[in-house]
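Each of the two complexes below includes chain A, the first together with chain B, the second together with chain C.
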Partner chain A sequence: MSGQGAAVVAVVLVAVATMGAGVFGLRRARTTSDFYVASRAVSPRWNATAIGGEYLSAASYLGIAGLILAYGYDVLWYPVGYTAGYLVLLALVAAPLRRSGAYTLPDFAEIRLGSSIVRRMASGLVVLIGWLYLVPQLQGASLTLATQTAAPHWLGGLVVCTVVLTAVAVGGMRSITFAQAMQFWLKFLALLVPALVLLIVWEHRDAGLGQGYPTAPERTVVSLATDTTARLPVAESLAVEGRVDGVRVHGPIALAAGTHQFEKGSVVTLERGDVVPVITSLPAQRNESWLRPLGSGKDHPLYASLSLILAICLGTMGLPHVLVRFYTNPDGRDTRRTTLIVIVALSSFYLLPTVFGAIGRAFVPDLLLTGNTDATVLLLPQRLIGGEAGVLLSALVTAGAFAAFLSTASGLTVSVAGVLSQDVLGRRLPGSQRAQRIRMFQLGAVVAIGVPYLLSLPSEHLGLAAVVGLAFAIAAATFCPLLVLGVWWPRLTDVGAMAGLLVGGLLATAAVLVTMIAGPARGWSGALLEQPAAWAVPLTFVVMIGVSILTRSRVPADVGRVMIRLHAPESLAEELRSLDRSAL
Partner chain B sequence: MLSAAFVVLVLVGIGYALYRRRDLGTSARRATFDTLHTASLAAPSLRQGLTEQGAQRAVKHLRALLGTAAVALTDRSRTLAIDGVSHNHAAEAIGHAKRVLERGATTILGAREVSCGAPDCPVRVAVAAPVVDGEAVVGALVAYGRDTSAMLVRAVEEVARWISGQVELASADAQRTQLMAAELRALRAQISPHFIYNSLTAVASFTRTDPDRARQLLLEFADFTRYALRRGGEFTTLAEELRNTERYLVLEQARFGDRLRVSLRVAPEVLPIALPFLAIQPLVENAVRHGLEGHAEAVTVSISASDEGSDALLVVEDDGAGASPDVIRAALERGGVADGTGGSVGLGNVDARLRQVFGDSYGLVVETAPTAGTKVSFRVPKFAAGVRAEPSGDGR
Partner chain C sequence: MQRVRITHPRTEAVRRMPTRPTSHEIDEQTQVGAVYMDSLIRSQRRLAVMVCLTITAVLVGTALLGALVPRFAQLRLLGVPLPWVVLGVLVYPVLIMLAAYTVRKAERNEHAFTELVRQR
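Let's turn to the complex of A and B:
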């Protein structure tokens, strides 16, 4: 079987399984004695794997390995942060959020502050964060399909959109927990098996990473699809067909250390041991510094690392599709257990992309020249193993990748569509009938995934994990203060929340837009814009607290009751009900 | 190109201005519209009755309506809200309202009783008018100004009368809510006497042949009645409601045996959803009763709960005799009030309660025809303000 055929089969199988699992997840009972089993709550273990399935996106599956290949030690904070975010969630807000009865983040704003304006602002932010998170999923899908089957670069995203929208239209997501849990295991195994094989092969070849600049492990032919400016860290002679620095070249050419322009369509042949030129958007650094903390070659690496940690750890609680899954737990206690298991599951998973990134540095360093490092996971199996086994492993990786795109995209689409149909489209038609409500939801789903698909089409992109990092930064700068203060500080007022969301949301969004449109800048301004969390999160906290103190009179009258509801265990809540008016 | 667009824009602007002018008419009419608009701004705050929060929000619109220096709103014992300049008049407002509250007639208070003596204080005299609900005086509206006039007295009286109207509407709302609560209590107590009789008979028939089963059935019966007759808590979770439906079906199966078949399909993620207590069991009871009506051999009742984004979809279906849509429509229109024919009381009541809690787009949808079975479905939003399942406290 050809590699392309295997990849197509893998994608189709995953798409069908995703739709099928949604139907199989329904529990059935034919006799009354089965009713009891059928109406038992989803266990924390199942729900935790479902959360993991929905959470592990293109950024986790493809992006992290690519970042590690390019930047090294410093980006290990991504997987650490993605996991530690759940620790923050567990410690600060998981159980109170579940007890509040909220299904979405805007619901929580309404319960806690009783303000429809804060609710609408929260809805706007959910849509924004959802879209920003969906763009890299669709880009990842396009990249995967293009890498594995030479399909046009718009097709992969379209496949994901079609599958998700079909599922929404025919109600194929009737029971999503089982489907998402299955996706988790698929993703886990799809990386685990190749990772083990890769480790064995690597061990066998005994090809360690040297101290110097990355070199080609074997003869590699690289065709450049776009004009590329690359930096050669040392003088090197390369075989090139095409134009280099405006000069037509046909065969070996001696290039001095420094930047060179390769014209679109050039073909660079790297012989074994050739030092790989590195595209200027990525740092060219020795393996030695690549392995050291703060050695990523970015400006102000300490600030960038700290800000990234803050963004990801605090942003997790503000992702639209996380709270939705907690709703499946029957009470606060189960929610905490679920979160704990999520942390275990994610910790195990995130070991794998790290393996791919590190081995990738040794075996697919040519990605540094194209800048297409997100393809690391996809290319490694075939490059390192080859033959039938390579084709099969490659298909497995592709299947896992599509599971990642589909699960995250469907979770986000449903969340965003719910918010759109309820708070944006639904408002136009008060008291609308149910047929209209369903159509509204379907329309919401089209908008929810259509807009990010259009945004994903321009091929220029920042790297999957980086764009997801920006979504996290906005979530951290807006929802984290809202949730933490909302859960723990009774004196938060609606005006305070509004001011905080406005300031944090606008500044973080502006920073993100500048970074996405103008590309990463250098120096302090670039570092501050690329990693806005470190200044935006404290600023939002200060604004929310300050304005709340100034508008003291607007503390909701029922705040005592809401606080009891959030913090008292469900069994205790019953006893406290008689006291609730006098307490707090 | 650009200038053409500009010309079009200007023309549209002029046209719109003309349209607005014609629409608004004379200055007197415009004043009327302004007054109505101000009143409409104050109205929502008063729809909860005379509360401190509502009064504080309404009082500045009331002052705009009256155009006086200060306006205060009191209930029978204290000042709820005051708006406008005041040196220390806020504390005295309830004193000014005292006579009105006692006598229920508009009172004019002179400078001797009101003024604080400061020459720059615009509060010199007051007009106080009663706010009434039905026959009772429930509060007072006090307006302060430099001097009184017949016009001001008239205006204060009219505004107080308008507030009274809003307060009466509020108490009508409260009464309707109480009525709904009473209906819920009625439904709760309404475990059908036939069901009790039939269940106990079924249990009796097993006491000799199968004492264990009889004991089991009695326990189910006890649990069922405890759930159905429990106090407090208007909402429960879908999981609880399904469990209670199971108890009901066990008892019915003891009686009908193989004639009653059941099937359940449920998406486990919607189990924690909150819904009005006793929303499903009456629908199932309805399906069992009508399904086995006449000489039907057997009936299959299927219950399904599935996830539909921000809603859950619940369906109760039977393949029994079905009914004419007109009968069902009549049952739904009665809204759960029994009419003595013993029709689908449960159906109407569930429908009325769902609509009351979640809004009109969340009522029951019944699809039926004679000999074609019946399918009852409804949606429940995963989140609705104020709807929250309460622990059952039935000793799980």
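Let's turn to the complex of A and C:
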């Protein structure tokens, strides 16, 4: 109970601090520009930690460690990709995008191509990607609260919605910059401290992973909340209360190697050294294979790894909440410097989930039976350390987790709400007074987070990091070609952009939907659908370039001027009239 | 064939002819201005392509090393399998160094362009 109490206190503290930062920011938010993008006057270091704070989501904080526990080495590509994505963004689009003077991705599309249709397609994609990214955040929040306390499974997500809407309603973007920067440090410390303690304890116990299949490190009682089909890699005798393979069981039972059905409500007691049955949605791998590259037990692992890297590296630039944050830099040069600091911050953070995942394989392997591997980070401190210290560390980890949900969810909500209020709701308000625009923005925020909350309620889900990976794939197959060609290739036309967005968007979304609804398929078709980036991104580039060449008469008349604005340094602002923003 | 005499017009009038600042050429998008902008965009694009190719080489190289060289997986550093050390730790400093290089080089390209425009 004291553990639960500490967790509740931690969640409340993070929520209050976030809302407090919102109220603090309110006094400074004077203009509409303040409200949307903090008037573009935040120093690189603040901005970089805020970007880091916003970017490190439930997928980074909980998801990666869980996937490492289940799949092993191949998952290390996720954090590497999340970091390398910023390097690609830095090299290809960071400064020119900032110089374009746009607030959002749809703004960029309109400035560059002068087409309101492309703008509206971009808006639709922002909403789609934003929602796909928000669902796992809210699921993660619900999972965390349910794991750490006895809360019902819908409560955590609702807490996040409430806090985000309150902060957004009172403060806008400026307040969020403060809150995000604070939350970066909270997340970093909340993983760093337990990780160090875990490493020391692990070293002390001298408990390597060992060969063979994962075994329980000590007596562990596992309650199954749903019907579970699990695979035992070897014959094992387990103590079960409940129903196994349709037979009522009350005590030890000898189970053959193979799959077994455990009925909802069964309680499995694993004794020290018992081989853990693995839910059929996860691979039952030996530890040797788990340690090896391409040993994750998926089909075509090399293709899956490479396509995943591509999706994450190229998708980062197309995430709606990432770009809007760059507009808060004063100029293109600061944008580059900010991105460099972001890469340093992410590199430090991403050393940590690996520690949790690897130690988790040794100390919470029972999560392989429930399939609830996203809880690895949450459960490890108490399981391995115990006592008062364990309670405190566990509360710290919970606080960090909520910081992750709140920061990413608020960033996404602001971006999606901005697009909704400008392109969907705001269109009907030609006068657009400040108060009215802000009210539209707030209404947009309710829609922006309300819909994904409803979508997050059904309890089944793929791993958090996996769903986020799908959002990256769609962003890579649509916005990446639009931005890269828009910045570097003057001959891009509006029709070319439309065709590319349509083809890339539809194909990637279809692949994602099939994977989410039907579950991962086997063989090549499954691999291609689960990781669509490797074929969808080049295809979109080809379509955009090809159709642009066919419609070359439609190259925008002012493209020369736009290119000057995207690339000429601000140091020439006095000489170059093209850089004069008031001329717009 | 006709002989043509070519002489340099050594008159003050030519020398004093007012020169148009490069920034005007760029603003008015004359051919000269386009050449200047092209040189900037091309230098930045070359940098972008080079950085992306380096990232690709590093990441794909690591993936292929893991896939094609079984010995790579058997090596250990301080008890930790080498592939984990490479992908879990060592990649990150490489990414940071590449990012620092990108920022420096991009700023240098812009500085050179500014000097060029202000020269005349």
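By our rule, the second predicted complex is superposed on the first by the 540 of 584 C-alpha atoms of A that agree within 3 Å, B and C clash if a C-alpha of one lies under 4 Å from a C-alpha of the other, contacts with A are read in each partner's own complex, and residues count from 1 in each chain.
Just so we're on the same page, a contact is a pair of C-beta atoms (placed from the backbone, for glycine too) under 8 Å apart; a residue touches a chain by one contact, two chains touch by 3 or more.
Because the structure is a prediction, the values reported are computed rather than measured.
Novice: Contact-wise, after the overlay, does A:Val391 reach chain B, chain C, both or neither (first, second, both, neither)?
Specialist: The answer is neither, since A:Val391 touches no partner chain.
Novice: Quick one: is A:Ala102 in contact with chain B, with chain C, with both, or with neither? Answer first, second, both or neither.
Specialist: A:Ala102 sits against chain B, while chain C stays out of touch.
Novice: Check whether A:Ile51 is in contact with chain B, with chain C, with both or with neither, and answer first, second, both or neither.
Specialist: Neither chain B nor chain C is touched by A:Ile51.
Novice: Of the two partner chains, chain B (first) and chain C (second), which one does A:Leu302 touch, if any: first, second, both, or neither?
Specialist: Only chain C is touched by A:Leu302; chain B is not.
Novice: Can A:Ile343 be said to touch chain B (first), chain C (second), both, or neither?
Specialist: It touches chain C, and chain B stays clear.
Novice: In the overlaid three-chain picture, which partner chain does A:Ser571 touch, first (chain B) or second (chain C), both, or neither?
Specialist: both
Novice: In the superposed arrangement, does A:Leu368 touch chain B (first), chain C (second), both or neither?
Specialist: The answer is neither, since A:Leu368 touches no partner chain.
Novice: Let me test your reading of the model: by the given contact rule, A:Arg292 touches which partner, first (chain B), second (chain C), both or neither?
Specialist: second
Novice: Which partner does A:Leu90 contact after superposing on A: first (chain B), second (chain C), both, neither?
Specialist: The second partner, chain C, only.
Novice: Of all the chain A residues, which ones make contact with chain B and with chain C?
Specialist: 571
Novice: Applying the document's contact rule, which stretches of chain A touch chain B when the two form their complex?
Specialist: 25-32, 34-36, 38-42, 101-104, 107, 110-111, 168, 171, 173-177, 327-330, 414, 417-418, 421-422, 431-434, 437-438, 441, 557, 565, 570-571, 573-574
Novice: In the complex formed with chain A, which residues of chain C make contact?
Specialist: 21, 23, 26-27, 29, 34, 37, 40-41, 44-45, 47-48, 51-52, 55, 59-60, 63, 65-67, 72-73, 81, 83-84, 87-89, 91-93, 95-96, 98-100, 102-103, 106-107, 110-111, 113-114, 117-118
Novice: Please give the residue numbers of chain B that touch chain A in the complex, ascending.
Specialist: 53, 237-239, 242-243, 245-246, 249-250, 253, 261-269, 271-272, 274, 304, 306-311, 359-362, 365, 379, 382-383, 385, 387-391, 393
Novice: For a test of understanding, state which residues of chain A touch chain C in their complex under the given definition.
Specialist: Residues 73, 76-77, 80, 83-84, 86-88, 90-92, 95, 291-294, 302, 305-306, 309, 313, 333, 336-337, 339-340, 343-344, 347, 350-351, 354, 358, 488, 560-561, 563-564, 567-569, 571-572, 575-578 of chain A touch chain C in their complex.
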